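These are the structures, in structure tokens.
Two complexes come next, and they have one chain in common, chain A, joined by chain B in the first and chain C in the second.
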Partner chain A sequence: MLELTPKTITERSALRVNPCKSCQPVGALYAALGVRRCMPHSHGSQGCVSYHRTFLTRHFKEPAIAASSSFTEGASVFGGGANLRAAVKNIFDIYDPDIIAVHTTCLSETIGDDLNAYILDMDIPDDKIVVHANTPSYVGSHITGYAGMLSGFIRYLADRRASPNGKTAVFPGFVNPGDIREIKRILHLLGLPVIVFPDQSGVMDAPMSNTYRMYPEGGTSIDDIRSLGGCGRALALGNFACGQPAGDLEEKCKVAYKCLPLPIGMEATDSFVTEAAGSGGVPQELEDERGRLLDLMLDANPYFYNKTLAIFGDPDTVVGLTAFSLELGMRPRYIITGTPGDAFVRQTEALLDKYDVTDAVVKAAADLFELHQWIKNGPVDLLLGTSYGKQIAKAEDIPLVRAGFPVLDRYGHSYMPIVGYQGAMRLAEMMANALMDRYDRDCADEDMDIVM
Partner chain B sequence: MYTHVLEERKNSIKTSDRDAAPIRCETASVSGAVSQRACVYCGARVVLNPITDAFHIVHGPIGCASYTWDIRGSLSSGSELYRNSFSTDLQEKDVVFGGAKKLTSAIDEVMNVYAPKLIFVYATCIAGVIGDDVEAVCREAERKYGSRVIPVKAPGFSGNKSTGYRMACDALMQLLLPHREQAAADGVNILGDYNLAGEMWIIKNYMKEIGVPVISTFTGDASYDRLLGAPSARLNVVQCAGSMIYLAERMEMEFGIPWIKASFFGIEDTTTAIRQIADLTGSPETRRKAEAFTRRESERATALTAPYHKSLAGKKAAIFVGGGFKAISLVRQFREMGMETVLVGTQTGKADEYEVLGKLVSPGTVILDDANPAELEKFMREKGADILVGGVKERPLAYKLGIAFCDHNHERKHALAGYEGVENFAREVNLSVNSPVWHYARG
Partner chain C sequence: MDVKSEILTRYNAKVFKNRKDHILRIDGASDGAQEIAANTRAIPGIMTNRGCCYAGCKGVVVGPIRDAVTITHGPIGCGFYSWGTRRNKARPGPDGKNFIQYCFSTDMQEPDIVFGGDKKLRQAIKEAVEIFQPRTIFICSTCPVGLIGDDIHAVAAEAEKLYGITCVSFSCEGYKGVSQSGGHHIANNGLMKRVIGSSDTPPATKYSVNLLGEYNIGGDGWEVERVLKRIGYEVVSVFTGNGSVEQISRAHLANLNLVQCHRSINYVAEMMKTAYGVDWLKVNFIGVGAICASLRAIAEYFGDEELKGRTEQVIAEETAEIAEDMAFFRDRLTGKTAALFVGGSRAHHYQALLGDLGVRTVLAGYEFAHRDDYEGRDIIPAIKEDADSKNIEQLVPEKDPKRYRAFLSPERYDELRRAIDLEAYRGMMRDMPDGSWVVDDLNHFETEEFTRFLRPDIFFSGIKDKYVLQKGGTLSRQLHSYDYSGPYAGFKGAVIFGRDLVMGLYAPAWNMVTPPWKKGKTEGKSNA
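Right, the complex of A and B next:
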């Protein structure tokens, strides 16, 4: 289908083809959906929020609410202050959230709307809250927008005078509700008192109950966000999505944080569990899970060994998937993210060094068109990433295992983890199945075996 | 949960037999509403996207390009070029220093490798705000390369989705105007069908059956070469009125091509459409063919849907779609299936379409413009709707409420147009309404 993609690679500096990222506002919107009774609000044209809601609905198969300032020509000339004031009043009047989380857009940033001033000047009911984050679409990606919105909540709400609560603040990263559930389950097994922020579980995987709840029973409560200031320490899972808000929490409330990789695969889960457990020790149940993962990795090892793959998606996720594929004995050949940032290249290359992989191409701010061109010049056995790899998979006849964001063409993925030992088992199973299905499809009749 | 409706929204909602005043529509959304609507860019993009061999370059930050990458569901019989995403991915420095240079480079990079005949350049919100002269860049590129490089003025804030439709139509006119001098040909253009699930092919087959050549299609399965013949057509047949009446009017003015509205949704409307086209274009022979063909196909479609009638009769439907013309057809189509419409709304319906709807539906039906999820929920519950017909944002809302759903938008997987579509539609409505899954829903 992608006969357009030429094998010969030509220099491109201005044209982006088949992006591997989206814009900041959609990340900000997803972040805000992880706060209880929160209405995300897009300060921009109406199309932005319509696209973001559609995009999130296509991934989660759930309603995704958000309001819009609905910019008109007038607003883009005279500023969007009046629109925002009217919007905030209307939102509280009719949708009755406890908090509105405003994020900006390329338009409102370019015309210079001052959200701090607008919000200070606004009549906000006593028991209600409005927070904001600056998320122009021409900076970073949906991942930085996610981080920015979390920082916005912290700047407005985290209470530096909160009494110490002995809890650990955990930033779970830009992951699915299923991943957040798994992270919470592990923390629960460790017996660790925590505040998980944000928490889209229960919101973006709300159970079917024959009622539509605009604010489902999930999300981090406003009180908990305030109490982040009283936490003893913080764990940020994923440098790109959580480093900034954890840093802001430390700066504002003196809560020391440690940034860990997203717990994808064996080693990253080990360090998460070890770090979270501290001196508390790891319960047998988790040790057993780890043992089962190891068992699976050993059993299936021959099918992974030296298989090449391309990994693409969001930076923290891709770093985790790279680590796990190396642990499985695979050889990542192309590793890209659309999100800009040298840290991605540094983190990924450090992993590759550890496993003596010297021939992999690693690139941030890359796009799927160039990935496709690389693959045309040097194919791989497996694609690991988002649904947008589907076209390459079809064109080059390479199996695709879907992980990360977005997955638009499959069901159930958002309920299931890829983090933790159990998430790693699921990933290993999906990847082994893809490789082995391919072997079965392609092998000669005499090589076809019931036992593998 | 929501017992009240925003004061500003009250005139956009009415009940068919109670409120005499015309509905408030074709206005901007209320700030702060959780609207189901999109923007100017979105309107322009969906209209032009199905032109299969054009480069569609989105000039702006990445979002506008990423959200519209291969999402339309429009099928192609030739090039698959349009299913890629091209943009200038504007960065902060471009916003500060201007993005025109980057746009010029992007066009150069396309031309150097592909040398296409046609490029559309979409100017998004900030292209205008930062003062990029997109038209000048396009003019210069046309001069340099001799290909058509057409700007699409689509800043999101400059109106609503309908404005975007107009901007797309203007871009199409820019493409066609240099080709006005053509000998008249015996044939029609089909406007406002986007070949979702192959629907344009269905309509083209009907034209073939009755012996009416199709010259150009706007824009389902369109290509540069085929579009250029459009000024020679004898008649424009407008399927999606919301997006294409403006183009039809302009083509009438510029090329003298008369046009008709025609809906291919439901047996009644499909039959009317085919016969009307035959009347206006054909010989007595064409009319006879149309008569025979529509009679035969109507009977066949009626027979094919008959098995569903028992399980669907008496069920109540809610409709929330983009334009009013489609909504009208759907009300009729549900009636053919023995179902009653209890709620009907659109994102961008026109006043005259709402007037038709008001007369068409049964007393007590709720009619609403630019509805939000809370309103849809409230009225679907009040009216006891069994199924909602809508687009992607409405699907999970319906499911959460325990209401069946049928996608009549970009995510439809089966053709819903024509006689073929009648059966597909009945099957899809039935499989959702009568799914065994509902047995397990409590509440």
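Right, the complex of A and C next:
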């Protein structure tokens, strides 16, 4: 496995090898699936959306609907306006969504298609909506595209004249439906009236009921997106995925927001709960959950202590996983994301400083080839990240715990949270199991303990 | 109203006008003369399963070649999605090079789009050469590259001089053509121009063949090679599953081309015939009956009695070995019905295997096929070329004066043309029973509707449809990735396929679809 990866590291400035990110449109597509009765639409060649639907389906094991402008060479030369008009008509005629969320691609961005003008000029049925976001693939990553699409919805829909509703707007971040369920459950326990936007739970984990429904029950409703403008405040969980849309909501509708880290691990969940509860207090049920997590962290501490690990994936997720591994007493050695952005390095280094970890390598806009080379030069005990880490895991014989996006080679993960106290317990269990299984596998027979 | 009218009536006028010619019902009385529209533009807004030109070139044909570094020139997505996701298996060859596990991209950023990306491509090649020392680099373009006018061909030529490597560039921007199909053609052209014929190491034996259009998904190619080798054939090269530049460069020296996936590779077969005189034979290694027929035709081509005897012996042994398993699965599958919607060949090939298992095909369609894949190659002269196909280069190679050679005498060639359908493909529709449906570029809406009307027990399609169908209570198996199983080709593959169908249809969970408190009220459809 990966035998051609040399140990000697050479400087690369142009060749990306084994990336740790994807492109903006797939993130935009996922964001749009978190809106009720929404058809995501990719304004480009149909190959883009084919890849994106495939990719999301492989991660969630669920249908991922989206349409395409199906550019041909002609459209690429003369502009995609006619294609988009035809697409919008056909989508409303055949698939009958309430809203179409258009995102652009490198193709339509390179030729300079003006989506604002196209949509203004278009015949849209009275009760239907078309929104858009500019998501060129050559900028940022899928996380940037996710944030951009949310901003698109806010720009078009959030109503600055919406009457105050006393609710808190919550941006749950680029996470799985299972995480969104957990975030909603916590908010429910806190008794906090909220609008969660977007909300892929119920859509990307719709139950098997013997009837396929193109638009399942879940998703943030269009009315709720409009009402975001009437919220008293907003909480953005993860600044890479949610900072921009929360900022846009504040700018447009004067809804003050606070950006918090994704609630992965103890402290990040504490600050989410504290912030969400405000003066309202935290119910005993939630405090008990916290206590159980704490219990587990202390119980299993010997198996985590000073274990080294590499963490890779999307920036907000990786920051959260780094924080939790530090809380467990582990020593992160390599921490990377493929998404560009200095904020990732700043946030991660602040965490490392807090725990006096001085020898970790932190890098944004990095790739898995680079990570593998570092590991060849200085191994770790555990890999924590996406399915693409399995190659390194096999090559270097290091256990891998899958968390984040994408996980293409396991089932059930998208239903289960890694956020909140319960999500942290799940993570801790997966990580401890991986380390302890490895110990059992490698130890001498006489060292094998039935009780650990 | 019949099913077709029921479905079409839901479309607006424009879509109706387009789609009506892509859907037909097999009329046995027409003797294969029915015409279907295919290889036309997808309709904007209609959820098609099709991919793009890049997917056909890099993803399908070029990507599986194991000993070349294939650099995707473009933003990161295209390279990322086509990395390790198609199950085209490969093992390192004698040179130890296997780049299949790697994804190489120039990861173009905004300044590259504004100021041109050729500088970055040049640097990426330099870095690839320094780190990986490949003998061959392929460059595959994505949409923006063609639009901003990066001259990848000049960069490739320069790299060849600088580093003494082979560097082949493919202008397979996603917007070209109407589907993956254009990309196959571009890849075929590139291999023909630059790789095939670039080495003259001859095969060791007379019974030398190339395996064309076999991508070794789930190890299919290895099972096919196993059987061919048992009989005594020498597989010179495979296009392109577990294939290598080293093999493909000497493909022109084989005596016969075996064409498995007609759609994606027929251009190479045709061009090798023109340039080097290599005959080709359409084969099908999916389905026990089909494999036996293909093996007999290959033996007939070479005409050697001992080879024919050996063929019969291997067929007898292989079929005997799987007979019990096949009977077991056939017993559980007989009477079931299937719908097939796959790329450009499998929808045809798998009807043979399903037939072996007693499963009747009620609908079949291709994602990106041309009319000849449906109607047979005889109609090629009648296909009108449109603007989209004109944009794909029609390469007609010169006859190579030194290396052109005919294996057969003209008389024998004529005889075999008739006897074994040499250099012919009769298309899918002639093999389909009266009353079954054929749908080209089947879309999401039509998939739902046809499933509702025809109620197939199994729907073979891809990942984008799989869970749509499964949520509606129909078993769906992916025929692109084999649902991470396989191989399905060859004798051993037939058994694995049978096992997978039985496993899927008789999964205990199907009996739990209706909660006990709802039983007797709204009885759900049970597959088993």
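Keep this in mind: the second predicted complex is superposed on the first by the 452 of 452 C-alpha atoms of A that agree within 3 Å, B and C clash if a C-alpha of one lies under 4 Å from a C-alpha of the other, contacts with A are read in each partner's own complex, and residues count from 1 in each chain.
By our rule, contacts are C-beta pairs under 8 Å (C-beta built on N, C-alpha and C of every residue); 3 or more make two chains touch, one makes a residue touch a chain.
Not measured: the values here are computed from a predicted model.
Novice: Are chain B and chain C a fit on chain A, or do they clash, once the structures share the same frame?
Specialist: After superposition on chain A, which the two structures share, chain B runs into chain C.
Novice: Touch check for A:72: first (chain B), second (chain C), both, or neither?
Specialist: both
Novice: Just checking: does A:284 make contact with chain B only, chain C only, both, or neither of them? Give me first, second, both or neither.
Specialist: neither
Novice: Shared contact residues on chain A, chain B side and chain C side combined as an intersection?
Specialist: Residues 1-4, 6, 10, 12-19, 21-23, 25-26, 41, 44-48, 50-55, 57-58, 61-63, 65-73, 75-76, 83-84, 86-91, 93-95, 105-107, 110-111, 136-139, 141, 206, 208-213, 338, 369, 388, 391 of chain A touch both chain B and chain C.
Novice: Under the touch definition given earlier, write down the residues of chain C that touch chain A in their complex.
Specialist: 10-12, 14-15, 41-55, 71, 74-85, 92, 96-99, 101-110, 112-113, 120-124, 126-128, 130-132, 142-144, 146-148, 174-180, 387-388, 391, 444-445, 448, 462-473, 513-514, 524-525
Novice: Any idea which chain A residues touch chain C in the complex?
Specialist: Going by the criterion above, the answer is residues 1-4, 6, 10, 12-19, 21-23, 25-26, 41, 44-48, 50-55, 57-58, 61-76, 83-84, 86-91, 93-95, 105-107, 110-111, 136-139, 141, 206, 208-213, 338, 369, 388, 391, 408.
Novice: Along chain B, where are the residues that touch chain A in the complex?
Specialist: Those residues of chain B that touch chain A are 1-2, 4-6, 8, 28-42, 57, 60-70, 80-81, 83-92, 94-95, 102-106, 108-110, 112-114, 124-126, 129-130, 155-160, 373-374, 377, 392-393, 395-397, 399-402, 441-443.
Novice: Residues of chain A touching chain B in their complex?
Specialist: Per the stated touch rule, the residues are 1-4, 6, 10-19, 21-23, 25-26, 41, 44-55, 57-58, 61-63, 65-73, 75-76, 83-84, 86-91, 93-95, 105-107, 110-111, 136-139, 141, 206, 208-214, 338, 369, 388, 391.
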